[in-house]
Amino acid sequence: VKLSEIADHLGCRLEGDGEVEIGRVSGIEDAGPGDLTFVSNPRYASALRRTRASAVILAGDALPAPPGCATLRSPTPYLSFGRAVRLLTRTDAPVPGIHRLADVEVSARVAADASVAAFVSVGRGATIGARTVIGPHVSIGPRVSIGEDCVIHSHVSIREDVVIGSRVVLQDGAVVGADGFGFARRPDGTYEKIPQPGVVVIEDDVEIGANTTVDRPAVGETRIRAGAKVDNLVQVAHGVNVGSNALLCAQVGIAGSTRIGNRVVLAGQVGVAGHIDIGDDVTATAQTGIPNSVEQGAVVSGYPAIPNRDWLRASAVFKRLPELKKAIADLEARLARLEQQLARR
Amino acid sequence: VKLSEIADHLGCRLEGDGEVEIGRVSGIEDAGPGDLTFVSNPRYASALRRTRASAVILAGDALPAPPGCATLRSPTPYLSFGRAVRLLTRTDAPVPGIHRLADVEVSARVAADASVAAFVSVGRGATIGARTVIGPHVSIGPRVSIGEDCVIHSHVSIREDVVIGSRVVLQDGAVVGADGFGFARRPDGTYEKIPQPGVVVIEDDVEIGANTTVDRPAVGETRIRAGAKVDNLVQVAHGVNVGSNALLCAQVGIAGSTRIGNRVVLAGQVGVAGHIDIGDDVTATAQTGIPNSVEQGAVVSGYPAIPNRDWLRASAVFKRLPELKKAIADLEARLARLEQQLARR
Amino acid sequence: VKLSEIADHLGCRLEGDGEVEIGRVSGIEDAGPGDLTFVSNPRYASALRRTRASAVILAGDALPAPPGCATLRSPTPYLSFGRAVRLLTRTDAPVPGIHRLADVEVSARVAADASVAAFVSVGRGATIGARTVIGPHVSIGPRVSIGEDCVIHSHVSIREDVVIGSRVVLQDGAVVGADGFGFARRPDGTYEKIPQPGVVVIEDDVEIGANTTVDRPAVGETRIRAGAKVDNLVQVAHGVNVGSNALLCAQVGIAGSTRIGNRVVLAGQVGVAGHIDIGDDVTATAQTGIPNSVEQGAVVSGYPAIPNRDWLRASAVFKRLPELKKAIADLEARLARLEQQLARR
């Protein structure tokens, strides 16, 4: 594809030779002739100077174009990068229809142009919407509803009564609707299972990562709101409500009945306690542990979570604790000497 | 169902109108007319005052019944709640027999009233007990033994020779009996796999969460004792022994050969080192890291884990470390002034 | 098997009765007559004195042989232990050929002596090498290449275009090649998916644990180099490069585009930020959080990660923070008294 056509497609300002043929999008370190690359992270400024790419997508006018490399200027370079990848990638066209080795209950309704792969199991009364693609080994329980244009990758488990919107992507091995972890202690110290017949709702445009688990509750619902993106190996417990356009990074865990606000960002391995409220636009840095509700807009870190600024300062002191301890001992010795001196006079 | 019948069934004391028809159990925030709800966490006392539920299960006499809402008094309200959910929930009756698209080796023995779903693979010499329900895509290895009244949800992997008791529940995607992480370093710095032919035993009444992994050891066994409950995405390494009625919350990780006592509670994302002993009735709060053995009954927090009381106090000081550092610097300056003053006299 | 034959096979020096028949390898606590056991961890020295094993593998000459127990002396006792386990364990011979209930696209090439189990799905143009064993319910995408002598356990997902070397072991439920977590924020605050068509390469002699996830990138590749061993429930994000003979323990998470050096050891639940470089031979202790690049050979701990020695010292002081705070307050009071005293003169 000619670079000038790509520029048109992306709505980017072209600087340099628009006639160059672009075959693929590459990372800044690996790019060679015929490649389009992109830089938005200033960490890669020096790599940009060395790049052998034919063209690069750059934010605004901050970074200079390297010599001999055409430039596409974009106010949203990461978006433009993604669209360029989409433009230049050939993808496997799904085969519409139900594979002969799938098992679909007669009462299930599957759109004619949906694609159902081998070894898919679809339960009684389930519905699968138009153009939705179901990969191999997906298990769809009774009465599950899946909207249009979804992509459900291999080995996903969708348990009974789960509701999935449109344009939802579930990566391989994700489990939606397993029983929440609810057990009541009997007087003899053993536990009795609390049944978990509540529903799980995954709204439109949500993506859920590989081997992530979203549990169903005893009562009410677990809900992931429109546009939220959930990475791999995340635990969303029973009765949790995740806000619109929230980002939950890998290995985050959210305990039961907690509300996560809209546009919240939880970095990797963050843990959130149950029955609390994380306000809109909160950010928690990696490995943060959040035991109590957090006001909207806060940026928190550490365990227990405190404002990120305080945590950064306290962490900087933490590693010097042995020095501080020694400083205190020194002060005590000096002070004792002074006290003796004064007492003697 | 009439409330008075529910009261009888649960053995609760009824206060108010026993004739009201109850259709479902709901969360305190969502409950409306015809709903039964429950409160045990005092966090929800104000929600209780506002509830539109027809009836509520309450602990003892601590909380007042809201006006116009009948009350079921229970010494164990969470247990009563669970039993009410069970009473009012219709569940899918499993279909006894082996699905035509299951693959069961001829030498396997499957109870006549067990239910084996589509795409289940059952290996040579495996046995499946009475009334056990095997969901779609479950893989059961050679010589596996599964007891009576178990529920094995979709996509569970049960590897060769694993022994599973009765009334065990395995949530979707759990893996029982994968090889432990055992590698010996060769003199050239590469690793050689230590074979892991040991067994895994899951005793009666255990529940294991979605996508949790329980590894088999090289020698001896990995064992989860009767009544223990394990949440999602937990790692139980080779040779670990989890005590009776222990609770392992989501994303807990336990390294090899460690013993977890009876009734231990490990909250979310706790990590436990290998080759140590966690005494009976120990509790570890969320994200605790336990590098050494812990005495029975202890409550521990932090990494490295210390008594919870000490950790709470130390954490409260942690965020004030920059102040402490400044206070020490101030003290040093003031002390230096005094020392000079005294030296001058 | 006679102990003397085992000694020959392992190349160990035999002390004691070589005629004793050994039936199995056991853990030091459980071993009885006819068992071979092993001790390298000095924690188990007292168990060694009590053992009822017929023979024990010991390192060098450090530990004395218990009375009545023959000894195999090995410079690498854990390696010798593993080889003894292999020698004495009967394993299930895989059945060569394609199971009648597998679904293999006609354009896929499967070696004649490979073994493909029930409910395996093999996509267009995939290749499976000699003697490779594919367990039940494995999903192999289009154009995937798998080398020789691999073992792919049940429920593994291998997505399109993934390249897997020889002698690779993938434990049950592992997901290789799911889409990386890449989303660009649109001006309206919603996210747009960045397509992730890049490749994943798993080199020779790698092992990947149960339910671990290795993501594919938008551009370039995710690569796990020869001989690296990855435990269960690990997250390897898009574009990560894991070095040769690295060890990633359970529940480790590595964010996007990070490079992990050769022979790096990340203990359980360690988290590593994106776009950084962990030098060769780095070790991070359990639960460490690494926000920045680490020089080769460093041993780091804590979050944010600092040198392990500093962290051990600082952690020892941490639990005494309330005392330090009190000591500072005491110093302030004493100093104020002195200052008053001097001012009065």
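By written order: A, B and C. Residues from 1 in each chain.
The working rule: contacts are C-beta pairs under 8 Å (C-beta built on N, C-alpha and C of every residue); 3 or more make two chains touch, one makes a residue touch a chain.
Since we're looking at a predicted model, the values are computed, not measured.
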Chain-contact steps, minimal, separating chain C from chain A: 1
Interface sides of chain A and chain B: same vs different residues, half threshold: different
Centroid distance [mean C-alpha coordinates] between chain B and chain A, Å: 24
Shared interface positions of chain A, touching two or more other chains: 101, 119, 137, 155, 173, 211, 233, 251, 269, 287, 318, 320-321, 324, 328, 331, 335, 338, 342
Parts of chain A lying in touch with chain B, wherever the complex brings them together: 101, 103, 119, 121, 137, 139, 141-142, 155, 157, 159-160, 173, 175, 178-179, 181-187, 189-195, 197, 211, 213, 215, 217-220, 233, 235, 237, 239, 251, 253, 255, 269, 271, 273, 275, 287, 289, 291, 302-304, 306, 310-311, 313-314, 316-318, 320-321, 324, 327-328, 331, 334-335, 338, 341-342
Chain B-facing residues of chain C, complex: 24-27, 29-30, 37, 41, 43, 76, 78-79, 81-83, 85-86, 89, 91-92, 99, 101, 117-119, 135-137, 153-155, 169, 171-173, 205, 207, 209-211, 227, 229, 231-233, 245, 247, 249-251, 263, 268-269, 286-287, 315, 318-322, 324-325, 328, 331-332, 335, 338-339, 342
